[in-house]
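Across the two complexes that follow, chain A remains constant while its partner is chain B and subsequently chain C.
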Partner chain A sequence: MANKIAICAVAQIKNDPNYHYLRFQNMLLECFESIMKQTKVTFDMEKGIRTIITCSDDMFDARTISNNGMTDVVGAHFRGEEKMAQESINGLGYAMACILSGHDDLILFMGHCKESQGESRRMVSNLAYDPFYCRPLGMDYHNVDAMQARAYMEKSSVTDEHLAKVVVRSRKNGKNNPYGRENKIVTEKEVLQSPMYSDPLRELYVYPVTDWAYGMLLCSEERAKEFTKNPVYITGYGSCMDTYFLGDKDITSNFSLKNASQRAYAKAGIKDPKKDIQLFELSDHAAYQLPMWAEGVGIADEGKGGKWIDDGGMDKFNVNLSGGQLNGNPLLLGGAARAIECYYHLSNQAGDRQVKGAKRAVAQANYGGAGQHQAVIVMES
Partner chain B sequence: MAEYWDIKVEDIFNSMQERFRPDGAKDVDAVFGYDILDEGKWKLTVKNNEMKLSKTDDLSGCISTMKADGETFVGVNTGKVDATNAFMSGKVKVEGDMGAFGKTGKLFRKYIIAKKEMTVKEYLADMFATIVPRFKAKEAEGLDAAFAFDLGGPQGGKWTVFIKDKVCTVTTEIEGSPTVTLEFNDAKDYVDFILGKIDAQSILAAGKAAAKGDINMMASKWPILFEKYKDPMGGNVQEQELLVLKKTIAVNQKFSTGPIMGKFLKGLKDKKIYANKCPKCGRLQLPPREVCAECRVRAADFLEVGPKGEVRYMDVVFYAMPDPLTGVARETPYGSINILLDGCKGNETLPHFIRKDQIEKIKSGWNEKKGTRVRPVWEENRIGDIWDIKYFEIDE
Partner chain C sequence: MTTKQMKGFEDSYVVEGRMALPYTYFAGRVGSKFITTIRDQKKIMGVKCPTCNVVYLPPRQVCDKDFTDIRDKWVDVSNTGTVSNFTVVRYDDKHLPRKAPFVLALIKLDGADTPFMHILEECEIVEVKIGMKVEAVFAKETTNTILDIDHFKPAAERISVHEINATRKQWVPVDEPDTQGKRKGGKPDMSKPVIITAALSGAATMKNQISSVPYTPAEFAEEAYKCWKAGAAMVHVHAREDAGMATHEHARIKATYDAIKDKCPDIIICLTSAVGMGKTAEQRLSQIVAIKPEVASLNTNSMNFGIVDRKTGKVFIDYVFENTFTMVQDFGKAMEENGVKPEIECYDMGGLDNAMLIGRQGIFTDPMNFNFVWGVAGGQAFRAESFIAMMNALPAKANFTTCGVGTDQFPCIMQSCILGGHMRVGLEDNIKMPNGDLAKGSYEQVEVAVAIANNLGRPVATTDEARLIMGIKKR
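Moving on to the complex of A and B:
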């Protein structure tokens, strides 16, 4: 088994449809102050924070080098600051690299995304595609995901009724999460009657536009007790980038997620995820992803996603008790949000939704259209 | 056969096919005749963007026929003889439809006398001589503009290109008040620029050239109005087409100010400039930010400063990028200043612009020496943004 790093504290603001009265600096500052208060960590050059990792996105922020406007509110003045311009989960992988290499033993990891700022998230994700071919075809994360959804649903016998179930459950779970976006509880019928975005994805199948920010303090195993009585450890990280061009891959194969999770499991010494892990926070940009990624991380049988939902797989494996992204969380930051939820459970701070005796959890994230990039972390109490 | 400037009449005709410009032949469907004294007769058929030339004895059926002697014909085609003069003096005559014959002007690239190199002067002559044939009238709808070129150096000269009522004319002087004037210290730089050997930005940045007047007209409109100049020395090698996708990316945004920047902008609306103060080190920040970055604490106390102050730093911008928020290029030169407002100290300076006509008079200061005293000039209708202050001016 590989070395591990500790999460000493987490902070977040409530997921909100539109923090119109705050700029992202204000959102981050709340989280920054919470981390400082919880841990009493300093910026001493010997014993304090010397490196800050931030996660943000130039396109969502509409400014190049989106991290440069926030260095002051994350305490990065006169310190090292590095940006993760990718799914936030990779910031945890980066923090691991910094700490396990021995170059640093304390990392502040902050992230923000204000999805309400831009006119259209679809116009933003359209820009992820190459300008010559895929952009003019109108590709964005919604309609590319829809293509994957259709193919996957066919392969794994997942129906619209299954997806409606996923959405209804997400909203219910979200109500138990004090940081969850305020949404109305919906019925399966309402989900199935919501407007069609890209067939088969309806409005309520897709995560809602959300503003959010978070902070985490990470350190070496040795130093964890300086900042918390309840450290949670990251014991495995695996990441895999599938092909950029949609046409190059089998979009139902779960190739990159299987790779990423196997790498993370190997590092964490997981033999059977169904038995060894008590909690899963999985990516759900759209409802179809939940059973699909459940197959990818090995808790649903391949090609049996529909049956897995019928058999109560979501509750049996404690999947997305936070409400998940479907209840509201920015696309970019899902990985951090899931790791934070796992942290609450593993440090016994999850309140009403606490999984009793949870020892191990998995947070997974994906980015890009049709699950192009996948990353998985294994966390332990 | 006689030769004029080492060129035979036959050379002009024989090179017509390779000098032919399909672009210039659009909408032309006619037969033209050439009757060159003691040389012979030629018939030029233009149809479907293609041409056919034949030597003939019979010029019947031509819509118009040009008559000239060999020397005049070669001279006009090579730029050795002024075409307008030749026509006015009767050395060139056109029989038949005069208007139709005018279209032949755009049918061909100019005949270039073969030699190893062209001088700057020759390039300039060729560049401006081809202006009219390169002119794209359909792009000039409603345009009334004069583009002046003041190109210095021993081989330079002056030209004005007039565009009005979709007609383009060129003079070899600068008359009246042009819409925009392009000045180059050395005409050679202009030639290199047009030939793509150097880029405009580096010439402008080096102060070797300047554009005065409606710069946008020169930067944005000129390239659309004319076909690109083709280097005659580039031979007849077909230029490879470079495929480029041109797109403007725009996603509308709504940037929240938050309470701190919001308070500052609201202050401007009320003609007040607010700095915020760090409760720990006492440092002021302009414009205010949420925290003191050095002390890592919130800085929520506001202090009214200025509005007068002294100039600390200054810079004069000659080459301006377009304002990304409006897409309009700022008028240059403009003076950027950092002002130490009254009530501020050290590095607590606020950036803004200085009144245009006062740029030359500004003196920068530092801790030991006071800079020029300035005061804000407020916009009449203030909306709570940076331009509520139009600029600063000298406080006399």
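Moving on to the complex of A and C:
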């Protein structure tokens, strides 16, 4: 990539099962004030923030134009404000496009989601399906992911015991993450005894309901020094949308993730992700997705996800040291959470879980049932 | 969330909301046809891309692989299919169509390339497996969605007639001079295989009544093959033009005949010598002599052959079907001389007597094969005692089969099977199933005939056995 963009600062609140005492505006305000404090950025029309990208979901917020609820809080009045109503990782891709195209050189990127507000996140994802063929059947992301889990586990010899390991490790790593959702530490036995949820997915295989908000300040490479001494760069971004109908595709093929990651790697000049990248944050909405996405981004061999776990692939490649999506992030915001974790490591701020000498990291996220839409960004120190 | 649940925030105000926005969605033209066909015809259709040959279900307007416009490329797919993936939904939620636990399955219908999701029930959850055969159960009340298929259930385990026939001894004819005596005494030979004939088209059944009635040679071939697969040994054919009119044109009849033989070489073809309304004797006979099928129909009396409203008695089409003694004689002779076995069509006892009378000339070779036809407007309606009277009037070595128009179809074939006779079904005679639903094709009525035979313990005749019984040689 000839040009790159800088992440100057990130801010987040702790992931929580239910911020019943905070409005999402309060959640965002904390992040906003932190960004202002860290970077001293202003809203000056010449040199300050003129463009704000927000990420939120109308159905999770139960209001259309969900960004309208907080444009004032994030300083968007009288300025350019655009909403990413898709997985938050694509907001980074959008910010990158804004800056590299010369549209603007400084962008505030904020996102929020209170999954706890809705009675059922499954009902929200049911509304993602068409009203003729899929919605009436009760299809939602969980029961659709369960189909993918069954097919993938068969293909890649991934067992319940493998998934129990993924869950136990996720919760341990989540404990090390000061912003991680507080979850009970569980044993593999407890995971395997958790009730069946949507076969073959057990209850503990699925990420928990979570509230969260974040902020990021992004700018052109030239301006980064105005806001930080320690910028992290986005050097590659790729996304790919697979077909909509489940029956139209091989849901174990990782088609869209392979495409997205190859595009991102090509932009960033990555030849071998196993060697060139020191840290991976993967959006595991359910435990089976961790080895599956590992195959998709090229750190596990195709069809060998089970063996990859046995061989210690998760630790070897520093996958999901944050706890991952599985430990708890709102569905929509997993990509931003992944990128923020990468930012901490690449700017040497990851504390106890710091990957020493990390130079390059990959954040991946997906949206839709069975990982229909995939996006990958490559970040560098 | 209520304020009471918010510890430490009891004085806080929480609004409880509910999104509810009544809405109308247009399913699009392709989607509308898909849904309304399920709703109105209990039939599932996909679209086939002519470029990549993929049959898509649900259907769509454009193939997303090669951008071919496929909105008009409709194909029928089966109501049965195979489970390719499934989950057991074990949580209850308001968007779900069933109480937990229930099964959602990806089902690849026979004839489609893309599996689609649906509910699977009427079986124990532990019995659900990838690869299991399932069939659609249609909803009694429409919702104008995919739930017009209410759910899928395990398909009945059906062993094909051909599998059963492969495991039993082939029937061999025994010289039994008193066949007719035994029948009359109420002791028919139930070990004798029953020949099932499918009358694929007739001259009057049209696509606007039932889309599976064949017009083109390829359609005849496909329908004949399905009937053979289901257990028919013979098909009765009135060839049609592309627009559906019955034809006496030799080339078209030959093309239809050849297409069936190419697709299904073993099956016996019985060509009509009636053809359709208004055809001359020459037009009716010359095509039989030209094509020389193994069997041809031979009609036995001049009679009213009309279309009359069964409820009101109102006459829609008034027509006299001419079969003079001379015609019966000439047709019969020409058939026997050309090695074409006549199937003697008797619309009442008089027709049977006519055939016997003309037969005194020594025209017909044994065994004579009769078909008792019931329910033609102009012929006699099905009555059990009439059936027995006709059977008792048969010559000693004769075979009999039967067919009935409309609701006479299934009672008359069942009686025939009980009495040691054979069975004819098909869309020529009746377009419905016993429960009143439209048949998916003649083959589905053949399946009913097979079930009747199975229930009575009679083997279903192979094509070879049918030839032995009817005294015909394979061409």
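By our rule, the second predicted complex is superposed on the first by the 380 of 381 C-alpha atoms of A that agree within 3 Å, B and C clash if a C-alpha of one lies under 4 Å from a C-alpha of the other, contacts with A are read in each partner's own complex, and residues count from 1 in each chain.
We take it that contacts are C-beta pairs under 8 Å (C-beta built on N, C-alpha and C of every residue); 3 or more make two chains touch, one makes a residue touch a chain.
Note that this is a predicted model, so its numbers are computed, not measured.
*Asks:* Quick check on the chain A-based superposition: chain B and chain C, clash or fit?
*Replies:* With chain A as the common anchor, chain B and chain C both fit in the superposed model.
*Asks:* Contacts for A:N26 in the overlay, against chain B (first) and chain C (second): which applies, first, second, both or neither?
*Replies:* first
*Asks:* Once the structures are superposed on A, label A:L137 by its partner contacts, choosing first (chain B), second (chain C), both or neither.
*Replies:* Second partner only.
*Asks:* Residues of chain A touched: more by chain B or chain C?
*Replies:* Looking at chain B versus chain C, the one contacting more residues of chain A is C.
*Asks:* With both complexes superposed on chain A, which partner does A:N176 reach: first (chain B), second (chain C), both or neither?
*Replies:* neither
*Asks:* Return first, second, both or neither, reflecting whether A:M123 touches chain B, chain C, both chains, or no partner chain.
*Replies:* Both chain B and chain C are touched by A:M123.
*Asks:* Once the structures are superposed on A, label A:M147 by its partner contacts, choosing first (chain B), second (chain C), both or neither.
*Replies:* second
*Asks:* Look at A:F43 in the shared chain and tell me whether it touches chain B only, chain C only, both, or neither; answer first, second, both or neither.
*Replies:* first
*Asks:* Should A:S198 be classified as contacting the first partner (chain B), the second (chain C), both, or neither?
*Replies:* A:S198 contacts chain C only, not chain B.
*Asks:* For A:D72, decide between first (touching chain B), second (touching chain C), both and neither.
*Replies:* In the superposition, A:D72 touches chain B alone.
*Asks:* Considering only touches as defined above, state whether A:S253 meets chain B (first), chain C (second), both or neither.
*Replies:* A:S253 contacts neither chain B nor chain C.
*Asks:* Quick one: minimum Cα-Cα distance, chain B versus chain C, in the superposed arrangement, integer Å.
*Replies:* So the smallest C-alpha to C-alpha spacing between these two chains is 5 Å.
*Asks:* Once the two structures are superposed, pull the chain A residues common to the chain B and chain C interfaces.
*Replies:* Touching chain B and chain C on chain A: residues 20-21, 59, 62, 116, 119-120, 123, 127, 131-132.
*Asks:* How about chain A: which of its residues touch chain C in the complex?
*Replies:* Residues 20-21, 59, 62, 116, 119-120, 122-123, 126-127, 131-140, 142-143, 146-147, 150-151, 195-201, 243, 245-248, 251 of chain A touch chain C in their complex.
*Asks:* For chain C, which residues are in contact with chain A within the complex?
*Replies:* Residues 1, 5-6, 8-9, 12, 17, 19, 25, 27, 31, 35, 56-58, 64, 84-91, 93-98, 104, 106, 108, 114-119, 143, 145-147.
*Asks:* Where on chain A is chain B touching in the complex?
*Replies:* Touch list, chain A to chain B: 19-23, 25-26, 29, 33, 36, 43, 59, 62, 71-73, 75, 77-78, 114, 116-120, 123-124, 127, 131-132.
*Asks:* Applying the document's contact rule, which stretches of chain B touch chain A when the two form their complex?
*Replies:* Residues in contact with chain A: 245, 247, 249, 251-261, 289-294, 296, 298.
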